[in-house]
Amino acid sequence: MTGEPVDRVYVGNINVAAKRARELLLGKLKLGEVVDWATTFSLWPVHLLTSCCGAEFAATWSPRFDAEQYGALPWISPRQTNFIIIEGTVTRKMACALRITYEQMPLPKFVIAMGACALDGGLFYNSYNIVKPWEVVPVDVFIPGCPPPPEGLARAILQLRKSIREKKLASRWLMEGWRPDRDYVTPKDDVCKWWRP
Amino acid sequence: MPPKISLKKLDRRGGLFEGVKSNIHTLALGVKYLVDPQRSTLLYPKEYIEHRPGYRGFIIFIKDKCISCAACARICPSAAMKMVRVTEIDPKHPDKPRQKQYPVINYQRCIFCGFCVDVCPTEALYHVPFHDIVYENLADMFLSLEMFQVEPQRPATSEGLPVVYEVDEIKGLVKRRKS
Amino acid sequence: MILDPILYLIAYPPLWQVLILGFLGSLAVAMVAIWFERKAAARVQRRIGPYWASPALGGFLNIIADMVRYVLQQLIIPGTVDRLTFYVAPIAAFIVSILPVIFIPLSSRPEFWPVASMDYSLLIALALSTLPPLLIIAAGWSSNNKFAVIGSMRESYVITAYELVAVVSILSASAATLTFNLVHIVDAQQPFKWLIILNPIAFLAAVLAVLMSTSAFPFEIPESEHEVVAGPYTEYSGALYAFNMGGAYVRRFVYALIIALVFLGGWAPYVPGPGPITGYVIPSIIVVLKALIIVLFISFLRAVYGRYRLDQALGAAWRLAIPLAIVGFGWSLLLAYIGVFH
Amino acid sequence: MTSGGLEAGGQIPGFIVKKIEKEVYEIFIGPQHPGSGHMRIIVRLDGDIIVEADPDIGYVHRTMEKLSEVREWLKPIPLLERMTIIDACNVTLPYVNALEKLMDKKPSTRASYLRVLLCEINRVASHLYGMGIFGVFIGHSTMYMWAFGDREVFLELAEALTGARLTHTYPIPGGVRRDMPQELPGMARRAVRYMRRRLEEYRKIFVDNPVIVKRLSGVGVISKSRAVELGIVGPNLRASGVKYDVRIAEPYEVYGELDFEIPVFEEGDALARTWVRVEEIKQSLNIIEQAVNWLETHKGEPVIAKEDFDKLPKLHKEVYEREGRVKFVPAHATMKIPAGKAVARGEMGRGEIFYYVESDGGITPYRVRVVTPSARNAIVFKHVVPGHTLMDLPAIYGSIDYFPPESDR
Amino acid sequence: MNSERIVEEVKNVLGGLAREIAWRKGYLEVLVEATNIIEAAGKLKSMGLDHVKSVTAVDYPKESKIRVTYHASSYSREDLMGFIVGLSVDLPRDNPEMPSLVSVWDGSVEFQEREVYEFFGVTFKGHPDLRPLLLIRELAEKRVLRKDFVVKEESIYEGVPFKYD
């Protein structure tokens, strides 16, 4: 399910139509600002718990910190989200799930890597089962700490919002189809090697 | 008195009357909190928590106190602290440059356990009580010796006001503006 | 004049009602319902809910942001789906969900509401409101996703449970007032002979049916996220998902409108006057407010209940709701026999 | 409708590679699925009935046993803590106890009380976490929010005591790292009184909620003999009527001197498991009160073993007097522990944790084996889930309070 | 003393099966031969040690053996609750193989034997479902918890290879 299948079906080519609509809306009608604004207040993280920073992820949505005030609502199916929070360690088994989940999400999509394990392995820097998530998916914001406190995650969401507004990430991404500055480091076949021995 | 172990009986609510009663209890409690939520949510950028002095946040290095014993790097569980060799010129003896080693920290790995602070024999390391700095580049997180000695600017301080949380008997946690 | 039919068509009130109330109104109500659901749940849960998008409006713009984001997000069509059904089902479901609004009068004045004279408006509205579940099942089936298929199957199970309850309990109003005409049903309830007071049993059954049909808590079974992710909508993304999600809230609103007319007395105790303001705007506001109360109550239930298991929900329907509905129907016949409304 | 996964030749680890005769509907729940944590359950359905459930764990396997072998004795404490950061003191305490057994060192009584205090704070927080996750698994989001909101009260206590919300790294061989701050007893007492009142409200909205009672009664029943055979632990075991708790079977620290009772229920279903947690929270609140009272009246003793404290340099003692913070001596970084084998166990929020520590006299452990409660409870998925409907799976998952990082290590 | 009595009981129950019985810190280690471990385990179970807390394997490359220990304890007998018996068996390092104790201790050892299998390569004959539990196959083949699988440590200095002090 990677890429956009381009073939003519009953009602014409929906991908081309969607592309034209994007060009009309974003290019001609200058709705880019609106898209960026909407994206900043609608960062819905997908429910993918990679590791134990999930405890602080959960606490960030708890009544005391309540990240829903930023419009972020943890959502269930990757198809309907636009945001992944990598909560800590990504093991080799999980890396494949992370990559597949990321590829299932519609553009524009953003990633926050949370915790020392998601940056350079943290405590598990020399472990045999650890993958660095920024080699698997392109990461936008990094949060240090093990685990980072909910304020740290809230700050990361704010930072991501800021850079979406400033760099027009969402609208540019929709226009150009892909963000040139971030790309996968490891090909998917390497990430999911264990899947197909 | 020693602890004891005891078998308890589960009272299952059955019957129509009990069912209606507990439904009403549930709905009434929901309405109670709908009317008076007793909330203490932190409106983060507008308010930020001022933590207690013992909070284990970012770590700052005081170079003058360091005796280059490398105990901090040795005890660091995640090998985040590394010793770098620096050639230093003592103002008293400018002709004799000395090789010294100082710790630098890599926040890509640091787990904020405070072992380095606790092991330092001269108190050359200390925590600042906050933990909400984020980075957009991995390279920024490997601090240089100079950066390690500077207290980072907490981003929240420029955007909001400090609050403290207190444990309350009625509402659980209570948010209080700090004057 | 040759232009007259065209003018009549353009000025045809039901058309405008569908367009304005049905589409924009339902959209607005759906947004208010979503907003309320999030805010009310947040209050019960002792937190704030959406806030920073517009602190002055309590974060209401957040819902618009979500909508805009969904509509302009990339639309993923997985390679394995049945394409035509995949595109058409959610859009058709949305449109079909709005259709009953044509037959729902918001005023008793025939000059604003020609359909009001239709004698079977309640029946037609009910019949139309049973259509969308079929399209939801089609949507789930066409996704070619295991979770979506399970969700569709659950939806089809739940239909068998609530359909009968909905029809019987709502038609008990007809049994009491001896008419299928919604205008007459409302007029019969003037000023305070509301059926919720005279026949609370049928009302309870009707609310249960609405809960089940719109998969609201505690009967949120087809989309029960902890087993079947998003149920029939698992593979939907972007605008198509927005249609799906909006459709669910619109259905809830349409049912609430019917219940508001049938049980809560519609625009009663107000009597529509001659002009457009007194004849149309004020009664419709009253009806929509009454419907909103029901929608908001349903939203509030999310905060206090968990969800039943599938067999328990079906059991609740067959053991509790259907007897309730039948008793309510009998009660209505009794009311008609006594002649409360005549 | 697929049958039985892959052909027998497909060598995919974590998948059952065997043929199933009957036509079944196979669904993969997880790792990206709201009804699974950091794991996958491969569920095979016949209609709506689960005929086989195969937990595919290891998505959070972070090789802690191996890494402990290459790090100095003190470093595994923060390392092993990451198994269960929501129950951090309970999970490291038995490791420290094992080291103390090998070193023949006894912590001071004050340190023991402090450990017990933090353990019980952790236990309450951990149970609240479990109940919150359980709540959201059966669609009750308010329970999730309330439990997590009230958990913050106890995290606030833990933060005041140790300086970190979750990863306290508090016990060290011979004692603890910090003394209790002045304001803690008052905070703890207020928190205890608050939580007792809240438990009544939990009853009203969750545990006695007719929807929840109906949903949980008779679901995932584990009989007493089956519980023993499967070797499950913790609240799940006690909900099945087995009177076992490490705090009573082999009292460690000062648990033998405290007055509390262990609740046991006989039903063995999901509702009983929830009730055990509620009752245990009550008992933990009692223990917190007792520990705080003792700590307030018995001051003066250092929080590490006396012989260690006397050896501390002057500056370290000053810091301890000023901040209540125990500084390590550099010897801690490279301490050696006499050769030997030791086992230690403790009662975590989720059940019994077991450590086997072997030393060959070097500066690193020779072998650290840890068996966590979740690792022992994982077997429930395989043996208890089949026979239930698909909608019961989250109820069972939530009620056994399975935490994958803990299980995978 | 209670534990003395239990040690006596264990000795009586096992009879000649035990090659060595010794107190370790916190548990009683009983060493038996791999051939009669099922018999020994069955006897221990009939005594009341009804579940296994841990299946622990330790690799001793110098002695060229792998020691697998079943730490068994009791839920049903109150006097045994505070008592752990470690039923150990020494296996050769090249091709470690032993009978599975799932038939005796059922679910409490099922997953842990799978763990030992993937980490040490010990084959449990008669195990109903012997396949890796936590690891991917590529790693399971490397026997990661054996001592000859080396994990690299880092030096405390920048750019200097690591060695233990």
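Letters A, B, C, D and E name the chains as they come in the text, with residue numbers starting at 1 for each one.
Note that in this section a contact is a pair of C-beta atoms (placed from the backbone, for glycine too) under 8 Å apart; a residue touches a chain by one contact, two chains touch by 3 or more.
Owing to the predicted nature of the structure, the values given are computational and were not obtained by experimental measurement.
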{"item": "Partner chains shared by subunit A and subunit D (touch criterion as defined above)", "value": "B, C, E"}
{"item": "Central subunit by CA centre of mass proxy", "value": "D"}
{"item": "Most distant chain from subunit E by Cα centroid", "value": "C"}
{"item": "Rounded Å distance, subunit A centre to subunit C centre (Cα mean)", "value": "35"}
{"item": "Chain centre separation (subunit C, subunit E; CA means) in Å", "value": "62"}
{"item": "Separation of mean Cα positions, subunit D and subunit C [Å, integer]", "value": "46"}
{"item": "Rounded Å distance, subunit A centre to subunit B centre (Cα mean)", "value": "26"}
{"item": "Per-residue overlap in subunit C, given as positions that touch at least 2 other chains", "value": "42, 44-48, 51, 225, 229, 303-305"}
{"item": "Shared-contact residues (touching 2 or more other chains) in subunit D", "value": "11-14, 33-34, 58, 61, 63, 66-67, 70-71, 78-79, 142, 145-146, 149, 152, 167, 205, 209, 243, 248, 334"}
{"item": "Subunit B: positions in contact with at least two other chains", "value": "26, 29-30, 39-41, 43, 74, 77-79, 111-113, 165, 173"}
{"item": "Chain pairs in mutual contact under the definition given at the outset", "value": "A-B, A-C, A-D, A-E, B-C, B-D, B-E, C-D, D-E"}
{"item": "In the complex with subunit B, residue positions of subunit D that touch it", "value": "71-72, 74-75, 77-79, 142, 149-150, 152-153, 156-157, 159-160, 162-164, 167, 169, 177-178, 181, 187, 190-191, 193-194, 198, 201, 204-205, 208-210, 213, 217, 241, 243, 245, 247-248, 251, 255-267, 271-272, 275, 279, 313, 315-316, 319, 323, 325-330, 332-334"}
{"item": "Subunit C residues within the subunit A interface of the complex", "value": "38, 42, 45-53, 59, 61-62, 64-70, 72-80, 83-84, 87, 225, 229-230, 233-238, 241"}
{"item": "Contact footprint of subunit D on subunit C as seen in their complex", "value": "41, 44-47, 146-147, 150, 217-218, 220-221, 224-229, 302-312"}
{"item": "Residues of subunit E that touch subunit D when the two form their complex", "value": "24-27, 29, 50-54, 56, 58-59, 69, 71, 75-76, 78, 81-82, 84, 86, 105-112, 119, 129, 131-137, 140, 144-145, 149, 151, 153, 164-165"}
{"item": "Contact set on subunit B toward subunit A in their complex", "value": "39-45, 48-49, 77-80, 106-113, 131-138, 141, 155-156, 165, 173"}
